[in-house]
Every structure is written in structure tokens, then in C-alpha cells.
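Each of the two complexes below includes chain A, the first together with chain B, the second together with chain C.
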Partner chain A sequence: MSGIPTITGTALPSNAPGHQTGWLAQLDPRARILCAVGFAVTVVTCDSFGTLVAAVAIALALLVASRLPPRQTLRRMVAMDSFILFMLILLPFTVPGEPILTIWGISASWEGLAQATRIALKANAVILALMALVGTMEPVVLGHALHSLRVPAGLVHLLMFTVRYIEVLRQEYMRLRLAMKARGFRPSTCWHTYRSVGYLLGMMLVRSVERSERIMDAMKCRGFTGHIPLMKRFCLSQNDIVFAALFSLLIVTLLVGEALHAAV
Partner chain B sequence: MHVVDGALSNPVVIGGAVLTLGGLALGLRRLPMEKIPVAGVLSATFFVASLVHVPIGPSSVHLIMNGLAGLVLGWAAFPALFVGLLLQAVFFGFGGVTVLGVNTFNIAMPAVIVGVILRRLVLSGTPATGAIWGAIGGAMAIALTTIFVALSLALTGEEFFAPAKLVFFAHIPVMVIEALLTGAAVYLARQVKPELFDVFEGARS
Partner chain C sequence: MPLFELSDIHFGYPHRPPILAGADMVLDAGERVCVTGHNGAGKSTLLRIMVGLLRPTGGTVAAFGQSRREEADFHDVRRRAGLVFQDPDDQLFCPTVAEDIAFGPLNLGASRASAIEIVDSVLTRLDLMHLRDRVTHRLSGGEKRLVTLATVLAMEPDVLLLDEPTNALDEENEARLVEVLDALPQAMVIVSHDPHFRRRLGTRSLRLKEGILTQPAPPKCRNASVP
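Presenting the complex of A and B:
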């Protein structure tokens, strides 16, 4: 349905009753965040195809363990900005090397194809591992975990407020859109559409600021003194330590594999 | 415009991370605790706005609106947009982990530049002249973002020169659309609630 401003896939995860969680989601959030970051940094530095395929396999195993909906998650993994796709498609033509084929006098090289494949493998492995390890967390838990990993409290509170109000504002957006539709608004490529959507965004900003004033009043009513305590404390269980140790071993194995490949 | 992991060279990734840490530090200094709720609600608004698609010919584009974010939030746009990018990467798989710094800088620095240069002009004169400055800000923010993205690609290697140029020219229609939307949003805000642009003025923690 082209031409209709749509808004899709904005639901953040929540641990509502009946929410399916795998064993991965039971592990300490801090361990999962650190594992995801360690994995990302490792994978980005690797270059041999064997290592990168192994990294994708690890990410796929994490996906299975995370019990995220596989089809939707893989679609999100593959989705990239169109300009990145363009860049990957152009790479074989812009990297000099042994030609594979020639289109209109421009030749594609094996080296370019290899580089494009490497980038695609790295990007997908990292984002899939991130979604499996961290994306299964309730956003509020993510905030608390980041706080205990020494992320500044201001940034953590900002994250929590943002998470809290995304759904509220999405509904406000839908309501305003419905009101426009009821008055016969049909989006197309014209000045009227852009002006109307611009007004819509402006209205959302105005309402947001007014909403935040009410939030602040309500907070003061409940004794807000310029400080919000973050009370959640985590403690590492034996399972967390075993997982972190095994995952670190995997990362080291990837690095050793890469080093062996480089030495050959 | 999210770059993915593995595409950029190490110096570019590290440089982006360092610049973003600096921007976050400056932004958080302008976010005392009593401004966090309003910043959070606005950050959520820009998150929702980035999911809106508007038609352009037979296709559609999603909005970025970093120019408007800079006009309203100033330096606080850095942490606000960072939070949005973090949530998008973790929960929706857009962008990446190691490139979070580069992506934040490419979106948030143009916002801050537009906010610092144009905020006063947007508030001066009639709402109509304010809207024109707002439109200039909207186009400028997207232009700067594409230039920063192109620069991060070009600094990585010369095989990215052609895609870097392509990124810029392919985004010219987006600049026009964001200019029109930002102009209209500024016009409405100037009529209804001009204080919107003063929320973060002079805030210090």
C-alpha cells in the first residue's frame, strides 16, 4: 500500500503473563549485554570467511535459544537501509581486482564481491546476536542493567522515560491520523500532504511538552525532589558465570580461528 | 540513515564513538533531572516520527526530523537521539553495535548545529518567517547528515567514493520533504505554543 503513511512494528517487548521466555532470557542482563558487545567487537575485527560463517552460526544458535519469533527476527536482521544495500551491490564494481563479469564496460571483481559478502555476514551476525541477547530484555531491565554497568544515571532515566512514552505517543499519533482520515485526508505527493503531516508532527510536539508538564506535576505530587532512585540490584548466579565463561571461550575460539587463518 | 557493523574502518568507528561520547557528555550537562521527563517524552515523539512514512511519487520515505529535534532540544538532542538509535538497534535490528557512535554522531551533530545556528532565527519575526528558517533547518540537517554519512564511508576507503556520492544525491528529495515538514511543524508550534523552543534554553545541571 504505497502512498499511505503507515507506522508498523513499534511494539517493545514486555514480560506480560504468558510471555514465552527461553533459558537465555533467564540469565543476568548485564552478562548478556557484555557478551553481545564482546561478540560485536570480535566479529567486526575478523575477516576470514570461516570465522564469519561460524559467527553467523553462533548468532543463529542464540536466536533459537532466545525463543524470539524466528521469521520476524530474521526479516529484521536482513533489513538494512537502502543506501547500505546500494553500497554492497556497488562494491564489486568499485573494488579493483580480478573481473567476474562485465556490464556496459564496467567489470565486477571477485575481491569486491568478497568484501561485500564479508560486510553482510558481519552486520547480520552482530545484529542477530544483539537482538537475541539484549532484545529479549524488558526495556526497563535494560535501563537498570546499563545503570549497574556504570552508564550515567541521566542517560538511563532518559531511556526509561522514552521507553515509557513511545507506546503512548504512537497511540496519540494513530488518534490524530484517524481524525485526519475522518475529515477526508488522503496522503499523496503534494504540498497539502506535507503541510498536513508537518502540522501533525508540530501538534504532537506541542502535546508532548504539555503532557510532560502534567507528568512533572504528578511526580512532584508524589514527592519528587530531583532524584529518582534506581533500586534494582542484580546478582550473578552460577548459570550466569557458566554462560559468560562459555561465551568468552567461543569468542576466543573465533579469534584463534582468525589468527590461524591469517597465518596460513 | 543507519550504517551497519563491519562496513567502516576501525579509525572511523573509534572516531565516531569518541565524538559521540563527547556529545553525550555535553548533552547530559544540559539535562538536569527536572528536564529528563520532557526530554524523554520528546525523544519518544521523535522515535515515533521516525517510524512515519510519507509518500513520494510511487514510493515512500521514513522521516528523520533531526533538524526539528535540534531546534527543540539543542544539545540535549545528542542523548535523546542516541536513546532512539539504541532502542532501534536492540529491539528492531536497525543499525548496529560498534557503529552506534558513528550513527549517533551522523544524526545528532547536524541536529545540534541546526539548533545552535537557527533557533534564534526560527523564533524571530512572524510565524511565517520562522517557518522559512525552520524549513532551511530541516533541509540543512538532512544535508549535513548525508555529508557525514558520505564522509564516514569515504574515510573508510576509496572503493566507497561512488556510493558516498550516491548517498548524497539520492537524499535530495528527502531534504525537500523534511524541509517542508519542518517548516510546517515550526509554523504550527509558533502559532500554538512558541515556548516549545525555550524548554531547553539555559538549562544546566
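Presenting the complex of A and C:
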């Protein structure tokens, strides 16, 4: 197709987040996104413990294949778990059923515990697979892949502009923060701190608006008419097709396992 | 026929004293006019008025032999007069260098294939092919500056408008930029605080003071060079 080589194929600085060399990272980003979405939808619909444990095992296998640093990745997963921790703890107490134990007159049920475990397994399987398949992608590549998967252009551009300018904004924030520090600002719990941080945020907002106007001007200077062309084209290799086929087979196996379990 | 002819330009930002008060400027083919002036004198404003990003409250802008008034008049001006912004981060907004350079040509109706051709030829001319697929926000300051120049050159302008092009460049990168600009045939308007840079490139100088462009007094020492 086009002569534009893939971004992943060129030398990016190695400090780039998620720049991986595992075979999983070599696969077509579109195939990886579709597999991750397929896996997520399947896992969410399954209910039997056997299937869910198998799904977690698959996700762990993907994690190994992606060559993400396991410790860091699992820590990120735990960070996600902390969001649902409260719900998982409360669930046994709120679902009616056969009681396990009673605390202050409120009893926890086996059914609730089972449900909480199911949710934990599902969430972790999905998030692990997502990190292994999609999280290893450069954000820019993700944008291009979503574009070629016909995700609405507005959303893709929003992602692209975010990727492009988040670092610029962060640097602006750091500069302002440093300038405050240089004049002896030390945050504490007082009105002066609140007001100063308010000024900082307000200034960031004003600068961002002004920057966006300058960007708009620069775009107009180059004949912008409301449409941003994205040049990247992907092409599927045999490896991608084999991977997608095998992964689909895996998903179907999960579904069959679930159906057999439900029939019993 | 001059490329640009600004006469009696008046402009002021809301709630502030007028910044341009009767500025005149003529730019002929082959000229490289340096504009100097203190901070906030209205140098960037002048460049923005030239490409119609700001509309003067008084006076006329003529570009490429035609008087320009409405937004639609300026579409053509913006293609033929490439404005290089002060902050490269304002100008480079596409994810990759190749896409950013192709943005202009694609807007002008080039096909994908010919846009890619333009990208390659511009990058080859500036000896920047190694940056082609880099992510724009990870470029160094010097690389960003040269890539912004490439994005503008891709539209094959007749005039270059450079707003503080040496801002935040080290000596090596500045020398590189001078070399690149010196080899270009385009007429230029260069806003710069850097006397060395002006001396290397400019063919004449204008000073923006109190809203008016004037020819600076000739140097007192006869050994001093003019721009």
C-alpha cells in the first residue's frame, strides 16, 4: 500500500512507554484490538468458575507473551483492583443467601462471596488481556488502528490531540510549579496554598486556550478545512491472521465450556 | 509588482492601546526583510495580519497583486506565504513528522501518493529523512524548528514569514538553520532579535516603533554592515 513504514518498525527512543519487542507487539494493532475486545466481551458474559479461571490463565499467558515486566504490570492491575475492592468486600453482605459468618448482626452469604469472586476474576482477566494486547501499543499507533477500524474520526482526533499535547501541558505545569518553588512556595493546608494552586490551574487553563487558538491559526495557515487526514495504512500479515484465528478459537472454546457447564 | 504591499495598517487588541498605527511595508521578490522592535512592538501581529489571521482596523493589505479583505481572499495568500510560528509546538500537531508535512499538501487537494512524494522530497532537500517517521512531540528543539520549516515548504510558498526562528536554538542548530534558509529562493520577512542571524540573512532592515515601520538610521561606523 503506502510507502509509509509502520511506526513500530522505526527506532523510537527506548524510554517510550510500552515499547516492546515480544512477538505479540509485532502483530497488527488492529488484530490485537479486536482480539482484546472479543476476549473482554466473552469473559464478561461467562459465569462458571472453570471458564473464568481459564480466562485468567489465558490472560496470564498473554502477559508472558507480551514481555511486559510482570511485577510492574501486576502492580498496575492491583491498582485497578483497589477501585473495586470496596464493592467486593460489601457484596457478600448485601446478597441474600446461605450465611457464612455474621458481623454486628449483618451476615455474609456464600452466594455473595461467589459473585464477588466472579467479578474479581472477570475484571482481572479483562484488564490483564487489555494491558498485554493493547497496552503495549504506542498511543499514536492505537489512534491509527482505531481510525482504520472505522472508529468515528472525532474520537480518534481527540485521542491524537491528547497524545500530542499532554506532554506539552505537563511541561508547562512543571515549569510553573518550578517557578513557584523557586520563590519559596511550599504547599501546606492554608488559604495561601489553595489560592496559589487555583492560580496555577487557572493559568494552565488560560494558556491552553491560547495555545489551542494558535494551533488553530497554524492549521488555517496550512489550508485546514475541518478534515485531518491520517496517512497510516496497515496491512495484515499471515502471522496476524494465524494469531486472530487461534485467538478466536480460544474464545469459542471458552464459550463452549461455559455452555456445557450451564447445561450440567 | 511587489509580493506584499501593506499600507497605513492600524491595529489594536481590545482594551489595549493601538499596537500598529500606520505601518507601511513593501516586500519584493528576492528580498529578505528583517523586522526588529522591542517586545510587544507588534512584530508577530504584523505577520498575522499579512496572512489574514488578524484583520487590520484600518489600512489595506495587498498580496500577490491583489487587494485582500475577506477571509476567502486570504486562503490563497496562506498557501503562497508560509508563516513559521514562534513556538514549534503550536505548529506541529500531527502524530508523526510525515503526517504533519503532508497535512498542508493534502488540504490543497493533493492525492495521498503525491503528498507522500512531497514529504520525501522536502525532507530530502532539508536532509531530514531520518526524522520522517518520528513522533513529533519527541523531537528536540532544533529538530522541531527544522520540521516546522519543512511543513511550510511542503506547500511551495513564494514567501516565508519567520517569527523568531532562532528562539531557543543552540549555536549549532542556528548555524544549520541559517544555512538552510540561505539556500532557499523565497522572499522572506524575518522577525528576529538576534543581530548575528539578521546580518547573515537579511537584505534590509525595518524597525517597528510606536506602530510605524521605519528604516533604521545608517550605522555610524563605516565598518559596520547594514542589516
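Here is the rule we use: the second predicted complex is superposed on the first by the 226 of 264 C-alpha atoms of A that agree within 3 Å, B and C clash if a C-alpha of one lies under 4 Å from a C-alpha of the other, contacts with A are read in each partner's own complex, and residues count from 1 in each chain.
Assume contacts are C-beta pairs under 8 Å (C-beta built on N, C-alpha and C of every residue); 3 or more make two chains touch, one makes a residue touch a chain.
All of these numbers come straight from a predicted model, not from anything done at the bench.
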item	value
First, second, both or neither for A:L149, with chain B first and chain C second	neither
Which superposed partner A:M231 touches (first chain B, second chain C, both, neither)	second
Touched partner set for A:L34, first chain B, second chain C, both or neither	neither
Touching partner for A:G112 - first (chain B), second (chain C), both, neither	first
Touching partner for A:Y173 - first (chain B), second (chain C), both, neither	first
Which of chain B and chain C A:I215 touches, first, second, both or neither	both
Touched partner set for A:F83, first chain B, second chain C, both or neither	first
Touching partner for A:L255 - first (chain B), second (chain C), both, neither	neither
Residue contacts with chain A in the superposition, chain B compared against chain C	B
Touching partner for A:R164 - first (chain B), second (chain C), both, neither	both
Where chain A meets both chain C and chain B, residue numbers	2-5, 7, 10, 12-13, 160-161, 163-165, 168, 211, 215, 219, 228
Complex contacts: residues of chain A adjacent to chain C	2-5, 7, 10, 12-13, 16, 138, 140, 143-144, 160-161, 163-165, 167-168, 211, 214-215, 217-225, 228-232
Complex contacts: residues of chain B adjacent to chain A	1-7, 10, 13, 24, 28, 31-34, 36-45, 47-49, 51-60, 63, 65, 68, 72, 79-80, 82-84, 86-87, 89-98, 149, 153, 159-163, 166-167, 170, 177, 180-189, 192-193, 195-196, 199, 205
Residues on chain C engaged by chain A in the complex (per definition of touch)	48, 51, 53, 75, 78-79, 82-83, 85, 87, 89-91, 93-96, 98-99, 102-104, 106-108, 112-113, 115-116, 133-138, 151-152, 155
Chain A residues touching chain B - in the complex, by the definition given at the top	2-10, 12-13, 36-37, 40-41, 43-45, 73, 76-77, 79-81, 83-84, 86-87, 90-91, 93-95, 112, 115, 118-119, 121-123, 126-128, 130-131, 134-135, 137, 139, 142, 152, 154-155, 157-166, 168-170, 173, 187-189, 191, 193-199, 201-206, 208-213, 215-216, 219, 226-228
